[in-house]
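One chain, chain A, appears in both complexes that follow, with chain B as partner in the first and chain C in the second.
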Partner chain A sequence: MQLMKQDLDLKKITAGAGGNAIKSSPGEKLFAAFNYAFFILMGMTTMLPFINLLAKSLSSEQAVVSGRVGLFPIGIQFETYYYVLQDSMFLTSLRTSVLLTVIGTALSLFMTTITAYPLSKTRLRGRKWLLLMFVFTMLFSGGLIPTYLLMQNLNLVNTLPVLFLPAMVNVFNMLIIKNYFEGLPESLEESAKLDGAGNIRILIHIILPLSLPVLATIALFFAVAFWNDYFAAMIYITNPELKPLQLYLKELIVSSGGEFLKNNVDAAINMTPQSIQASSILLATIPILLVYPFLQKYFVKGVLVGSVKG
Partner chain B sequence: MAKKSTLLTLLLGVSLALSGCGGGAETPASPGADPAPQPSGTPSEPKEEAKPEIRMIMQYGLFDPAKEFTSKYITEKTGYPVQYEMLPAENADEKLNLLVANKENFDVMKLNAAQFYNLATSGALEPMDELLEAHGNHINQAIKPESWESATIDGKKYAIPETGSGVSIGEELIIRQDWLDELGLSVPTNADELYNVLKTIKEKKNVIPLTGSKDSIYGDIATTFGVLTDWKEVDGKLVHKAEQPEMKEFLGYMNKLYAEGLLDTEMPINTAQKAIEKFASGKAAAYKLAWWNAGSTIAALNESNPDAKVSVIPYLKGKDGKAVVGANANTTWFIAIPKASKHKEDAVKFLNAKLEPETFKGLAIGEEGVHHEVKDGKYYPILPKFNDDLNNASAFMTGVDEEKYPIYWQARVRKDPVLQNYFETFQKNAEGLVVVDPMSTAPPIDAVSRNTLKLRTLLDDNALKFITGSEPLESYDTFLAQWRAEGGEDMVKAANEWYQSAQ
Partner chain C sequence: MKPEKDKPQAGTGKKAYMPTLARDIRKEWDLYLLLIPGILFILLFKYTPMYGIIIAFKDFNIFTGFADSPWVGWKHFEKLFTSPDFSRVFQNTVIISLLKIIILFPLPIVIALMLNEMKNMMFKRSVQTVIYLPHFLSWVIVSGLFIDLLSVNGGLVNKLLNSMGMESVAFFLDNSVFRSVLVTSAGWKETGWSTIVYLAAFSMIDPALYEAAKIDGASKWKQLWHITLPGIAPIIILMFILRLGNILEAGTEQILVMYNPVVYKVSDVIGTYVYRQGLGNQDYSFTTAVGLFEAVISFTLVVVGNSLSKKYLQRGIW
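On to the complex of A and B.
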């Protein structure tokens, strides 16, 4: 996430530099060069942990245990990846996570958008109160145990929907979309109305196409949040078949650590080798990283749209 | 008002169900029925109807229980379909409390000591005496009376104690023999010799003489001063190690090592993994190794330093010229039936069936010729079949045959010759020297259960401070006063009350 932000900064800067490239003084060139160097360095720093993990995942376990692996693998092997990719627990968790992310993101985006749209209209009666009620839930909640009880009474414990249903309308994201909607000119809606379009049609054909940048951003927020969420699963899921990838990863790491192995000799004998831990972490991170490039053009577009409108 | 009356009905229902189970004839109430009282007038015939599904919650393990060989084996042998669920690896206690508070209807729970005590005293667990009497013949045979003590509160058994693999020694100091040879040193036999050896290594080799981790402060060196496990019997009274005068001597010795650079300066922050890294990469000369880490540690050392040779330092002798090793024989797991269970009798029958001797043997080491073979009276695993099928079998255990399991279990250690070698060497070195913690057989005692973990952390944190000298040893008594005030005094008093009454 951080990494991508910096990439984005780089893009902006290159775009800026490109625009003024016709005539630049030596000072400006130096400045640009410094910028490049600085941001590449920053980018590299955020890459280091990944490179280290990659090196560990490709090294022999002996080299990892003796702490000799830094940025380059020692004693290259690929069995760790083979092992993880045919491990049924990893694959089950991966399937759960993909399902959760796809279904969760689609539903949440839909629900959040249709909540935001009416609330962005000043003519909605009682809008202020409605908004206040939404914001109230941002600040106060029933607490963990009552929420758990509720989920249990709804028969949602140990099901996939419990991981996305309660989070479908995210108030913070809803406010962002609402603000974006409010920024769209009122006249667009008026002219569509004159042409005979109803509310739903206006939303689908006029407002949403214009809002792609914000929708893409929020979709990414949702996707990353669902992908990275382990807490809900930790609370509501005891069935191993339904554990998402992040929970699996967390447990993989915790169950190989000091506190867990105390008094549990059997777990200690079966400890997961570090190189397998490293490849599991990498394999769990790559899918969500792959989503960024596809959504990035909307980010850039969003920036541009904003600037043209002023 | 409404709430109160439902609660009352519930209590009444449970108590009726209980008396129905224990008081009546041996015939079981029909399984799968709701906990409402059964009309006890017509003793129903033991029916061959389908056995209900048992819902069991177990501790965390990195596997899917439903897909394990062992779970299929259990269902096949006992006839009970079982739904397994796991506590999370972290925050397991919170999650368990949540589940119990919501009356999730588990039938069997595999708990650690703290969890068991917590649930038993809050009234969430079913007393098992009568159920065991009626349906627990194999269980009663497998478990020794002294183990039952650990699961008995106010005269009632609230769980089946699982002692696991028996008393075994986990750690022992190891040292680089090739360096000792090079420097003309011999393996140290007591604390003073160890000091000299470490000092020479420091001067001549410029490596960390002794590394260690923050998780394992005591052990070989502490025992030479008489600091063994948490509790020690002195003149018929139990003394906690924090209050032993020898503790100060031990910390003083460690502080000397630390101040002279003989003990890894990073020891207070090292994890076991980090300490192993230092030893395996040839940056440290000595380390207190746990045998379960021996396989990877020694392999890594041999790869990075092909000439390295490692010796196990026999347990160091104390001032009286005798070596001792402290060990715990505590019950590791407690197998309990929660009050919220809907199939209490079936749960006991299920647990009983798992301890039927032949079934249990299969559960522990599989089938002879397929999973294990017998060589000179010892069980050896057949690889990779043993690993594929039985790697996680221990997690499914619900009570063990206390005579046979420690013998069966050792097959697990023989999976790897290095592992086996270190395990057997450690046990052989400790033979005849083991002093079992006198509190091992104690029943759960409130003041002890409540304070043990908290005070252990307090003691360990402060021990590290005294070792590194960030806190001078003179202020140990100030710390001790704090330790006593935060529950230590209560704990020691309660422990001694039990100890006197048990004599």
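On to the complex of A and C.
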């Protein structure tokens, strides 16, 4: 049934695409076949590492150690997940990451939006210079060491805010939102102005509801960036209580799981470092896999609008 | 919020000097108000570190501080240009970047072109969903995936090599192949996502051009060569300028999770060197000089590239 429906959709689409449905030459058919084959291969290459890792995380110790596990688990067990999920270091860093992602995304989206709005107004005096001031920070930066010393002077080292404060005004994302705002029709604003609404009210009640696709896209970008960041944490955080998940994972991978097994004697007897790593990595990927499909349709649209003009 | 309400009044004080500016600010005071937090933020977190660059010309010491550390002029830059360490790091950076540009820059263009020819929309969208995904994974995760995939003990790639009668390769410990690991994993992560810009560019091409070409009997190849490629050429060039500006950023975040002392020789780049030398060994002034060297070159490349693009293509990044 589903196949048939798919076929029908396909016909509709190809018919709708106008001239494309015209009889294709043998060369074109060959190309189309190659095209399909190529993308199936590319899709498989993308997914393969995950499948391999999943298989390792679910396989028995002997199978993993002897290197027999390929794409399918051998001697299925779920204990690695159990061990990882009850490890206090894993849970602490998971909590830090969730906290960082939620707070960071909310604040950054707010800051970036309120900065983008005035800059999207061509009537704003000094707009050119203000924009230049922001764009310049994309082209030139003080570099790692001066930035680190600044954080140290601000007493932000080893605090959670150091992981989101400096990232709050992201100029690249700001420009995408700004371009989107510029694309909205002026007339929307004019009628509200006649009713005596100020700029901030117009932003909240008229502009923002119309900008959900781009805001969702940028929220996704921020959330992913905060969730994935290990670099800032590696530089600024030494307190184990404040290490986000990615930094925890990095240390787990660098120590080949040795740290984990030292802290979990019980796990050390039954588990291989490889499976511990595999399951930890997969657990850290799940949130992204969960959010991603829902937002995908937004960001394809949203980014397209922003990036081409930018 | 209340004190800011006084802002427009503060503006009126300047009325005598700049009447229109004051009037504009008063009229749109709420727009300027919205800008204040953003400006304060970049002043503090972006511009203050730029001021901090002065320590590249000082012998900075945490205990004496920014102001009191002695000036040393170009000392750190002289060291930079004579240090064998730095010349190795600089070479690695440029080689890895060039490898990435030569191999990974054209790839998304080709793939976008192929994707654009895909008639089955459902299939196309599924492909897009899958190939965009790795972009959203952290380098830590990607590194974990590749360490596993390329492991000597049961990694899929080595299994494949063995089954073809070849010997296992220790990809992460072998100076002759480690750079290809870097390029391949970067390609795996970003190629799909990079197609998005070109796919967007296709949608900007006027469909009437294709209709006309078809009526004239132009083949698919001719259409590609005379309509599609010229249509996206400006975007390709812009992306290339941006990419070139980043030539001294060879992928610090990637390399920091993937390399190890065995392969430092071929993979230690400016970013990783600054991190280890600067924060690890607290060699603040010298590594700030290294960072400044990188920043100035990148800045120059982008600015020159952009003005060339504006001159010859009437289109720039800004």
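Just so we're on the same page, the second predicted complex is superposed on the first by the 232 of 310 C-alpha atoms of A that agree within 3 Å, B and C clash if a C-alpha of one lies under 4 Å from a C-alpha of the other, contacts with A are read in each partner's own complex, and residues count from 1 in each chain.
Here is the rule we use: a contact is a pair of C-beta atoms (placed from the backbone, for glycine too) under 8 Å apart; a residue touches a chain by one contact, two chains touch by 3 or more.
In this text, all values refer to a predicted model and were calculated from it rather than measured experimentally.
Colleague: When the two structures are overlaid on chain A, which partner does A:145 contact: first (chain B), second (chain C), both, or neither?
Modeller: After superposing on A, A:145 lies in contact with both chain B and chain C.
Colleague: Scan A:273 for contacts with chain B and chain C and give back first, second, both or neither.
Modeller: First partner only.
Colleague: Please indicate which partner A:235 is in contact with in the superposed arrangement: first for chain B, second for chain C, both, or neither.
Modeller: both
Colleague: Would you sort A:89 into first (chain B), second (chain C), both or neither based on which partner it touches?
Modeller: first
Colleague: Go through the superposed model and pick first if A:255 touches only chain B, second if only chain C, both, or neither.
Modeller: The first partner, chain B, only.
Colleague: On the A-aligned overlay, A:108 touches which partner chain: chain B = first, chain C = second, or both, or neither?
Modeller: A:108: touches no partner chain.
Colleague: Touch test for A:97: chain B only (first), chain C only (second), both, or neither?
Modeller: neither
Colleague: Which partner, chain B or chain C, touches the larger number of chain A residues?
Modeller: Of the two chains, more chain A residues are contacted by C.
Colleague: For A:45, select first, second, both or neither according to whether it touches chain B, chain C, the two together, or no partner.
Modeller: After superposing on A, A:45 lies in contact with chain C but is clear of chain B.
Colleague: So in the superposed three-chain picture, is A:61 touching just chain B, just chain C, both, or none of them (first/second/both/neither)?
Modeller: first
Colleague: Return the residues of chain A at which the contacts from chain B and from chain C coincide.
Modeller: 64-68, 144-145, 148-149, 234-235, 247, 250, 254, 274
Colleague: Can you name the residues of chain C that touch chain A in the complex?
Modeller: Per the stated touch rule, the residues are 21, 24-25, 28, 30-35, 37-39, 41-42, 45-53, 55, 66, 111, 114-115, 117-123, 126-134, 136-141, 143-149, 151, 153-156, 159, 188, 192, 196-197, 199-201, 203-204, 207, 210-211, 214, 220, 235, 245, 252-253, 256-257, 271, 274-275, 278-279, 284, 287-288, 291-292, 294-295, 298-299, 302-303, 318.
Colleague: Contact residues on chain B for chain A in the complex?
Modeller: 57, 59-67, 84-91, 95, 98-99, 101-102, 104, 112, 164-165, 168, 170, 213, 215, 271-274, 276-278, 280-282, 290, 292-293, 296-297, 299-304, 332, 391-392, 394-395, 412-413, 415, 419
Colleague: Where on chain A is chain B touching in the complex?
Modeller: 60-68, 75, 88-89, 92, 144-145, 148-149, 152, 158, 234-235, 238-241, 247, 250-252, 254-255, 257-260, 262-274
Colleague: Which residues of chain A touch chain C in their complex?
Modeller: Checking each residue of chain A against chain C gives 6, 9-10, 13-14, 17-20, 27-28, 31-32, 35-36, 38-39, 42-43, 45-50, 52-53, 56, 64-71, 111-112, 114-115, 117-119, 121, 123-125, 130, 133-135, 137, 139-150, 165-166, 168-169, 171, 174, 198-200, 203, 224, 227-231, 234-235, 246-247, 249-250, 253-254, 274, 277-278, 281, 284-285, 288-289, 292-293, 296, 300, 303-304, 307-308.
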